[in-house]
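One structure follows; several queries about it will come next.
Chain lettering (A, B and C) follows the sequence in which the chains are written, and residue indices restart at 1 in each chain.
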Amino acid sequence: MQDTQAIRQLVLRGRRRDAIFAIIGLICMMIGILTLAVLLAGLIQDGAHRLNWSFFENFPSRRAHQAGILSAIVGSSLVMLITAATAIPFGIGAGIYLEEYARRGWVTNLIEVNVTNLAGVPSIIYGLLALSVFVYMLDFGQSILSAGLTLALMILPVIIVSTREAIRAIPVSIREAAYGVGATRWQLVRDHILPYSAGGILTGVIIGLARAIGETAPIITIGALTFIAFLPASPITGDFPFISFEWLESPFTVMPIQMFNWLSRPQAAFQENAAAAGLVLVVMTLVMNGTAIWLRIRFRKRIKW
Amino acid sequence: MVEQNNMDMSIRIAHKDAATTASTSPSTTLKAEVKGLDFWYGDNQALKNINMRIDESRVTALIGPSGCGKSTYLRCFNRMHDLQDNTRYGGEILFQPDGVNILARSVDPIEVRMRIGMVFQKPNPFPKSIFENVAYGLRVRGQKNRSEIADRVEQALREASIWDEVRERLEDMAFNLSGGQQQRLCIARALATEPELLLFDEPTSALDPNATANIEDLIHRLKEKVTILIVTHNMQQAARVSDYTAFMYLGELIEFGATRGVFTNPAKKQTEDYITGRYG
Amino acid sequence: MPADSINRLSDAPGSDNRFAYKPTRHIGERFIEAILFAVSMTAVAVTVGIVGILLFESASFFDQVSIVDFLTDTQWTIMFADKHYGVLPLLAGTLVTSTVALLFAVPVGTIAAVYLSEFATVRVRETVKPTLELLAGVPTVVYGYFALLMVTPALQWFMPDLPGFNMLGPGLVIGIMIIPYITSMAEDAMRSVPMQMREGSYAMGATRLQTSLRVVVPAATSGIVAAYILGISRAFGETMVVAVAAGQQPNFTWDPTEPGATITAFIVQVALGDLPHGSIEYQSIFAVGLVLVLMTLLFNVLGHLARMRFREIY
């Protein structure tokens, strides 16, 4: 059909195009990673000198060099506590139900479609839902409780999906073995499904919490204050019953909102604070996500069905 | 149904004859010569010192228990292993008439694949129309002339005995064909570029008996045009379609010769055990 | 449960059936199942909640503002004395930033996905894929910093007339943010194209690029479209980058070098101020939120139709 020379030309041209595409592809692949590097370098350059103990111990202040992120860190931690306490049981429970209990039918389909759709809903919409339901209808106010629940709703799909994936990786033979020795469905879930899928579930939980900790828009929408120079009431008290839930109703700020607040000021000194807060935030999320990925790789290596 | 069976029978008879001629007449041309072929997946040696001759316009069958390396061996001929990391060839496959070692580092696997076609275990049409599937090889070769492409596609579909079934629906998706039709389409796809050697990797293992008979019939007719190397797990199939048979076991070539000889009078004990069904 | 009927059959009165149901165990199991079911229904409740709230609050908004004005007025000046309620400036802002983002992210993300799936070694792929996840996890407010204080100044090098607040910089940064999503999902789609299909192409003498573009990408179209739809949804919904770097100034323009506000940026802006429950400002953020959800929904439906058209059959 074609002589040797022509084919050789053709192959050569194809090879050249492969090589050119490989270079373009490599560049495209690196864009995101290089951006992160540049971003980190920028944050370090602008904000690293602000990272000293007083930055972590101080409240926000009108004087940029005295301002710190104490109230934001405490606020973020308490909000995460609520988020974790609600999203984890609900997410795992729903994941277990959908994989192990649900019978094929329209109800199950409805739940599945909703989980998928919720994963695609813009985060600020959760803020609107929370503003109307948590803040006003249930009258939780613009509190830590409202914020924690808002973020819990937002990361629920993440936890449900990763729980389902982790459970699905367990082979049917395990289930048959458990049923074969007379286990009930719940015993199967408790003794086998949950322990074997714990790694995958944990990964999803960490990724979800990392997303929640960096999320700004829905918290602003429910009306978190940006300037908080006090701490919520301590959860542990000196008097009986030694535990107080007053902090749940406390006004608060969180890390990303503190950063946003500094960022929207025109003075360079506050923008340095923003860079420092951003650095803390980025490192926190990178560490959390990195841990999650590392755990996942480890669990995958360890368990080979 | 009845007709199919008759056809089947006639092929069988025709092939016994072919095998006889092949074994008796030395006047065949050499298409490829395998010399001391080794192959490694990482540290794991999958093929050990294989030596073999492949005659032009003949069908050579590779048989052996699963895992014996027959598919691995077949895939050396068009350098499919190059697509995986951490694989290594040793020895030579000298391709005639020019005697180039197609395993050499200096040889471009893409060039090899332009001359050596392959049909896979499971029919693997592309998610394109029937026409585009067959035209693919031509397009990959930079062929732009529409009428020439159309001619070649028709010719290839005729050669693969599927033209009559698809002539009215060339723009249909290839997935809409039955399994057997898909496999003949894949054969047409390979034929469209006029390969010198055609590799078949268990081409009928995913097909029903009727479709299998069609493909075997086709292979029998194709050998006029192209040299064929076929891996099969089905010994009857090897006996029906091939002129020569190679028996492989644990990565080694145990026995190689005219098909009739290998099946009726195996020289090695392992071959006899396999053929009589003692392991498989 | 079929087990119930079996139970009743075997449990004839008076018989001493050692295989009989243990009622306690049965009740416990049912109880747990009921709890898990209730927990799963949260997902449905949240959806119902979102739709219900948006419709309810928007209804109060549209009691006071005509839908025609809302859809045709080219000014959105809810914060001023002379109030106009035209959603077009916000819609334009959202579309402009998203278009900039997608024009950047779709080609880059797709090429990166093809490279990862078809060209890169296993080692590279296994290193880069988790890195993409890390990138997707960076908080968006930090990307706002990036857009305002790094990207826009860099752009001003080439375009000295570019204002400090503009939609181009945030658009590009949103693009960078959604690249990991597009790359990761499109790569998954290409990876799941069966190996035999690639082998079929390579066996014909095709090069990597030919195999990628003529076989793998067409076969994975449905998944790639899904990746784009996810990217579009993310771009529409992205809030902080535009709130920080685009100027929060509702501006009916299609020019990305001008400042502007998106739907999301407007919601943030209003929420930051004093927001009395039940006021028209309060209701307006639900009305524009409804628009955002409908836009996202529209593109998801279009995407779904496109996917049905290209769905893979292998």
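Simple rule for what comes next: contacts are C-beta pairs under 8 Å (C-beta built on N, C-alpha and C of every residue); 3 or more make two chains touch, one makes a residue touch a chain.
This structure is a prediction, so every number in the text was calculated from the model and none was measured.
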A-C against B-C, pair bridged by the larger set of C-beta contacts: A-C
From subunit B, the most remote chain by mean C-alpha position: A
Distance from subunit B to subunit A - Cα centre to Cα centre, in angstrom: 53
Approximate Å spacing (C-alpha centroids) for the pair subunit A, subunit C: 15
Euclidean distance of C-alpha centroids - subunit B vs subunit C, Å: 48
Per-residue multi-chain contacts in subunit B, two or more chains: 110-111, 114, 141, 193
Sequence positions of subunit A contacting 2 or more other chains: 11, 14-15
Residues within subunit C bordering two or more other chains: 205, 207, 210
Subunit A-facing residues of subunit B, complex: 108, 110-111, 114, 141-142, 193-194
Footprint of subunit B on subunit A - complex, ascending: 1-2, 7-8, 10-11, 14-15
Subunit C - residues contacting subunit B, complex: 121-122, 194, 196-207, 210, 214-215, 218-219, 312-314
Touch list for subunit C against partner subunit A, complex: 25, 28-29, 32-33, 35-37, 39-44, 46-47, 49-50, 53-54, 56-57, 107-109, 111-112, 114-116, 119-120, 128, 130-135, 137-146, 148-150, 176, 179-180, 183, 205, 207-210, 230, 233, 236-240, 243-244, 264, 267-268, 271-272, 275, 277, 285-286, 289, 292-293, 296, 300
Contacting residues of subunit B [partner subunit C, same complex]: 78, 80, 83, 85, 110-115, 117-118, 120-122, 124-128, 136-137, 139-141, 173, 175, 186, 189-190, 193
